Structure formats: C-alpha cells, structure tokens
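Input: a single structure, listed below in structure tokens.
Letters A, B and C name the chains as they come in the text, with residue numbers starting at 1 for each one.
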C-alpha cells in the first residue's frame, strides 16, 4: 500500500531496510544466542544518522516525528526485533526529554542521543509496580539543591548500556500517583548502580537490567517537568512511544511474512511448492492482510500525533494492541508454514515468535491497552 | 591531505543471467552498482579524510548515468565528485581508460593518495589502477590490506601476497589498490543522502582534459574485442535422486576408482 | 571511430538488440539504432548480425612492428624459486612459439638466480634472459618494471606472457602502459591466428557469463596474463639445452621508490587450495560456520583441502583464502566435491576444469548438477557424514 511518504521518510525507510538486510540479518541469530549488546550495530546506526530521525534539527537531529521513528523501527525489526531495541528503547528514554525537558536539559542531552554517542532508557517498572505504576516504591527526598534517590527499578531495557535515564520516583508517597516525579539520571552518578541482567525468552540482543539507587544524589536541575508530574510524564511518553512498540511488532510480523512466502515457494512437498496449496495460500493471505491493517493503523496514529492532536491515548493503545496481537499470530503461523524447520533454531522462524511475545506485554500489557481504550470510549460517551 | 578515489559503475554481476535460448545476456532488472571492490577504496578514503582532516574526491569515468554511483559515494561522506564522461571515451580499453583517468586527476590539482579497488567485478583486469600510477609516474602498492601509518610524507602499508603479506614503505604521493580485508565499508548516512541529492558534480569532458585525442576511446585502445560468445559448458554426468545410502555407495565406488 | 548500421541491410531481426550487453541498441521503424553514449564498441552485435549490416569503423593509428619476434614468459621467482605458474605459461608459450615458428624465451629477474635458468630451459625455453642485481632480490614495482621495459625495448618480442599473480598483475600492467601496448588479463585460452600471425586471447567477461576473444593487432608486444592452474604445466625435460643471456643496466634502473620492510608468511593463508589434488568445498547450504566441521572431516579422510564458495566466505563462515571462483582461486584438482553449492557461474569458472566433480545439493534443479560428473540430491547434513563414514571404511581396506 502506498502511504504517501515524503522524500525524507522514503530515505529513512530505504536506508534502514538496507542496514537491516546487509548488517543486522546476518548477525541476528548470533546475538540471540550470545545475548551480547549489539554495540557494532549501535555504532553503525549512529554513523548513518538513524538515532537522529525524530529529534529536532536544532539538537542535531533530522527533525522528524513519531512516524519517522515508526518507519525506522519497523524496517530494522524485520531483521531482528531484539537488536532494534537499542534504537527504539533509546527513543522511549528520550521521548520524555523531548516532551517535557526545558531548553537546558534538551541542549545537554539530546545532541549526544541524536548522534547515537549515547543511548537513553526509561525506568518506571519495579518488582511490585508493573501495570500499576502508582505502586512505585523508589523514593526521592529533597535535600538542599538535590534529591536523594533510594530503591530499585527492574526490567529496564537498555539498562546498564544506556548513559541517560529517565527515572520515575516518589517524591510524596501520600499523594499516590500525583506524588511521582521524573528525574534525568546519568550513568556514573554516585549511588546509581546496576543489578542483574535478565535471561529472556526473546529480544535477547537487548539488555534488560535492574537499576539500583543507594542514596543517589540527583541535582534538582534534573527534575523533568515539575515535581509531582511523574505520572503525567509517564502517560504522555507512552502515548507517543506505543506506536514505536507497535512498529517493532509490525516489523517482526512483516519479516515473518516475507520469509514464510519465500519458504513456501521453495519448499517442495508432493512434487509441488507448498505455496501452491490453498491451505498455505489462505494462511499467507490472512497474514498479509493483518500486517497491512496494523501498518495502516500505526501510520495513521503516528501522523495524528505528529499533527499535534491532543487525545491520542486511545489510538496509540489501539495501534500497540493490534500490532502486537498481529505479530504473535503472524509469527506463530509462520512457524506453522515452516513446519518442523520452524521449530528448530537453524531457521529464524521460531526466534520471531519468541521476539513477538514481549510486544504484547511491555509498555503496558495488552489488557491495560484494552482498559485504556475502553475507558476512553466510556468517557467520550459520557461527554456525548 | 587530498585523497582521490577512483570508482567504476558496474552491472551487479550476481544478477547477470544468460538466456539459454538466445545465448545472450538478460539485461532486464540488472542493477548498476558501485564496483564492490571500490567500496573498500571509498571507505579507506573516508577514514584517511577523517584521520588527517583531509578532503576526499571521488572520480569515475563512464556514461552520464554513472552519476548515480558518484552520488552514492557522496552519501557515504565523500566531499566532491567528478564525472569523466564523453563520447570520445567510448570503447576504451584499460590503457585508454587509465590514460583518461590520469589526465582527469592531473586536472584536479595536488593530491597525496589515490585509492582504487583491486579490480572491477565486470572486467576483473586489475590493470587500471597500476595504469593510472604509471601515467602519473607515481609509486604504487597493489593489494593493500592495511595502511599502517602515514607520516612525514611516507606511508607504510601491508600488501597481500599469495603466502601472507609484505610490509611496504612508499613516499607520497602514491596510488594504492585495496582488497576487501582492509575495512568494512560503511552504509550511507541520512545527512549524506540528503547532501548527495543536491551536490554539484563536476563534469570533465575530453575537451576539458589536456590530452591527446588519439589516445582516447577506441582509437587509443590497442586491444580489440573480436568475438563474444557463450562459454562452453562442461557436460554433466549422473545425478542420483534415490535413497541417499544408495547414492553415497555409488559415489564412494567412483571415488575409490579415482584414488590410486 | 564508431558503430555503423547500414539501414539498407538491416532487416529488423532484433538479434543485435538482444546480443548487446550494454543496452546500446534499440529498434526504431523496424531498423536497429545505436545509442552512442551507451555503446562501448564491444562488437557483440557485429558478431550476431547475419546480414553484415553492422560495422565498427576503426581508424588504424599505428602499424604493428613486423620486426618483433619471439614469445616471452616472465618467470616469476620468489626467494629464488621459480613459481609453478611460470611453468604453466612455458607450456602454452612453447605451443604458441611453435605455431609462429619462433623462439620461446624466459625472463628471470632477481638476485643470485642464474642457476635457475636451467629450470626454465628444461620446461621448454630456448633462451633465458637473466637480470641479476641485489636490489632485485625482492619484487619492487619500479625496478622490475624498468628492467622488463628495457629488455622488451631491446629485444622486441612479439608476445609477452605473465602469471596473473599479485606480483604479475602489478608489474605487467605498468609495463604495458610504459611500452604503450595492449594487455589482456586472465586469459583462459591463448591461440595464434596463423594467417595474421596474431595472438587470440580469450577470457571470461561479466563474471564468466560470456567469453570474449581479444586481439592486439597493431601494437607489439601482445601481452596477456593467465591465472595459476588454468594452463597445464610444461613437461620437464632435463636434456633440453638453451641459451642464457645475462643483461645488466645502469644503476638507476634498479632503484625503486617503494621499499619492502618485511615479508610475513601467514599460516592461515598458506592452505593453498590451488595446489590441492582433492578439494571439498562448502557453500551457502552450510548455513553456519560450525557446520564446516563435516566438510573438514570429509577432506581429512580424502587427504584433501577445504574450499568454499563466495557465499560462504561473504557470510564470514570461512576465510577468503579458501574461496574458489571468479574472485577467489582457480583450482584444478582431480576430485572436486561441492557441498551445498548451487553452482553460480562465478563459482563454476574457478573449478570446472577439475577432472571429476561431485555435487551434493538438496535442490535437484541446482545448476551445479549440470556440470557434475556425479550428483547426489539430498540433505548435505545427512549425505556428507555418511560419505565420510563409508569412505573411511572402504579406503582402509
């Protein structure tokens, strides 16, 4: 389908496609096995200006919006949904700075992130605070011209490898969600250390670590937005980042579809390529239709956000919900088409299925997405 | 430091297919690419440019459509691009080509290093690089797999040989042809691609070169192609499609009879 | 100088349009028309036209030196050892010299190497020109070029052949430019047109998809390079007698701007597949670097070497020194076993002169089967280990 991309968007798509095919696809299986962080790919993406796609030109970026992040994420994820996270999770970490950062903060952090010299990460989740962000235990106490952070975060993508972190901590527990504040932390700050790295089902090329704060002193200039705005920072960030997760899911699905079509033409059974059997054809047709529908929803949502629309939560949640469910379905079907070969690690089909699963879980489980959508529907209804 | 990189636009030979009925090349869908070996020359030129704060200029001789190869080089980070193009160059063999490129390089002024890929994937002659250095009367090192150092006007490089490599010292200016072991070519950057779109490409026609007209093109080429034909294919033997145990047995018998 | 289509002779059969490798011809009003900017004057269209409607008009710029006599072979030596590619060239050179009725001469450049000239005579040379100087001990582009140019200018051979080695290609390209003559690289066939007394040089083009015959009609010497293992080595005849001519030049001829600081032999690069008698090669079908283990095991049983296709090398599964084909090495073993190699033309040109080719591939339509002496259709991960096991048993007996 023609999405009427502009010249720069086509350029981003083509370059990311080239990098995915030439540089990421050949090493995807290796990183999946070794769980190493893909620094050579980070360097390559940085040199190709990819980290700057959606950062304004005055901070060294290319001035794109959410759609540009989505296009890049989708193309890169076609080769590996895990490796892509070094890029996509960095955008999740820098989105709050883009949305709520003051001029000094933007000047300080964005140029290095746009150049890919540094990576960012966003830290909300804690062992007891997953879907329920109001249950955050990490505290930040004001002391003179700084805050003292204590507690821990876990399941943090790019944790340990990123340099710039946006961390949500409670400045006033009595206020519940309204007592949360967002801080910008830097790797190397006194009292800021990293805990264990998770051994995951999928997206194994991305690092998922614990962040530990022990009397960590953060200057008050590093408060993002205002004290007490932490929950709003989180929600608004997710509004713009969810199309990104959706694009990761879309990329994984599109990659699975492409390889399934190719395989079905090569695999001979009963003397014919299996693509000539209606059973396979119908599966492929359904997969393709779902992928295209996901893409259409994501692109429309991204364009809506980029145009400055206000109430985007519902569409953002829909895009994430739909694309991630499509990814799970399509990658599962791709494994089916590959048959026995789909189940073994020699072929990339099973990896896509493992990578796809997380997209239904993180940045809000798909159950939470449904709640967001439903709540919004009811609200709209009440307004009449 | 001025660095000159010579590149050639070639058909993507892995795409070239022969129509078995007419025995001719199938041209449809064959893409033009930068000679893969020249990509290493571009990358090495960019690394030298970055290291010595120099300027990298890419030069190609070819038809007007070779401009797209130059724009690709710019998208990777090359500063300037020169297209050496004229009908008078048609039919050039390696002698005329190296003469023409050397004449063009003379036109571009002072330089320290000329980089070429070890050979072009369509012709595979490996003659144009050494030809250019001879016409310019500068030293050359072929099959360079590493530039170890460049200081005080002297370069130390590793030249790949059949047995290993030689460490060779050469004064600048000089010409290197490079092998794929030397580096990994970068992908273009988005900012580079944008620059490539609007970058001005210098065109050098025969008239603009200070050269002798009868050393150009077909006239300046001692070699002539007199015949083009399809290679004779070796004939196949037996292909076993049955159970592999049987097939292996037959092949083992054959191998046994071949080994004394 | 241009391509001329005689409109009155053209019948609009479109053969030339199909034959043009450069897309330079098209049809207009049922007549062939040329796009001069795309035409490289290669002559493919002239060859196919059945109506003599196409002609390349050439202006003759020079006359061949009819005084030039003799076939020369540049005999490459390394550490005082004449390289076997030179013996292969002497074999072909002898054949050409006999057809022309002239002398076959070897050129030997180095230091303390005169004793080696007998090797060259035993391989068929009538005369050996020896240039011996301490500064010629190792190959140097400038000095070797100067020496060879001086020799050629003095003795005026009509043909000069050189191995397409890393040294040979660097040297001979410079010599051809200095002498201002034609040079044809990587010839797979060399012959004499006995009427015109010219060298017919045949080489693959476009990655081996087409063959081109090239001549150097008006310049002497006619120069060509040939890759190692393409020609058969000349027989060794210790009873042969020949002349040795020692040449010396003024000191400036021996000076070079480049200087060799060190020569390093790389163990991993010395697995010289070009010399192996049995080669087992793996291609894209190997899927992963660790799978090359089964190739190595088969090679070990057969006392052979391990080769690879470009696809396997480009994927980083095995070093480049193992690559067989257009951009790798040309090999000519008695047995070549291709495992998981589809048989792209670029690979075939590097191994199709092997005496026996055995192909293992799961795709019965793979082009490799069209040239294989024996083919096994099946999963190489089953076939290769079984082959290794069976051979182990059978060869032990």
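The working rule: contacts are C-beta pairs under 8 Å (C-beta built on N, C-alpha and C of every residue); 3 or more make two chains touch, one makes a residue touch a chain.
Just so you know, these numbers come straight off a predicted model, no measurement behind them.
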Once you draw an edge for every pair of touching chains, what topology comes out, line, ring, star, complete or other?
complete
Chain with Cα centroid nearest the overall Cα mean is chain B
Selected interface, A-B versus A-C, where C-beta contact pairs are more numerous:
A-B
Computed distance of Cα centres, chain C from chain B, in Å:
18
Euclidean distance of C-alpha centroids - chain A vs chain C, Å
53
Rounded Å distance, chain A centre to chain B centre (Cα mean)
41
Help me check something: in the complex, which residues belonging to chain A touch chain C?
26, 346
What residues of chain B sit close enough to touch chain C in their complex?
11, 13-14, 16-19, 22, 24-25, 27, 63-64, 87, 90-95, 98-99, 121-127, 129-131, 133-135, 139-143, 156, 159-171, 174, 180-181, 214, 217-231, 233-241, 244-245, 247-252, 254-256, 258-259
Can you tell me which positions in chain C touch chain B when the two form their complex?
1, 18-19, 21, 23, 36-44, 47-48, 56, 58-59, 61, 78, 138, 141-142, 145, 164-167, 169-170, 173-174, 176-178, 180-186, 200, 204-219, 256-266, 269-270, 272, 302, 320, 326-327, 334-335, 344-346, 348-349, 352, 355-358, 364, 369-379, 382-383, 386-387, 390-391, 394-395
Interface residues, chain B side, partner chain A - complex:
186-194
Residue numbers on chain A that touch chain B, as the complex places them:
8, 11-12, 15, 18-19, 22-23, 44, 47-50, 52-53, 62
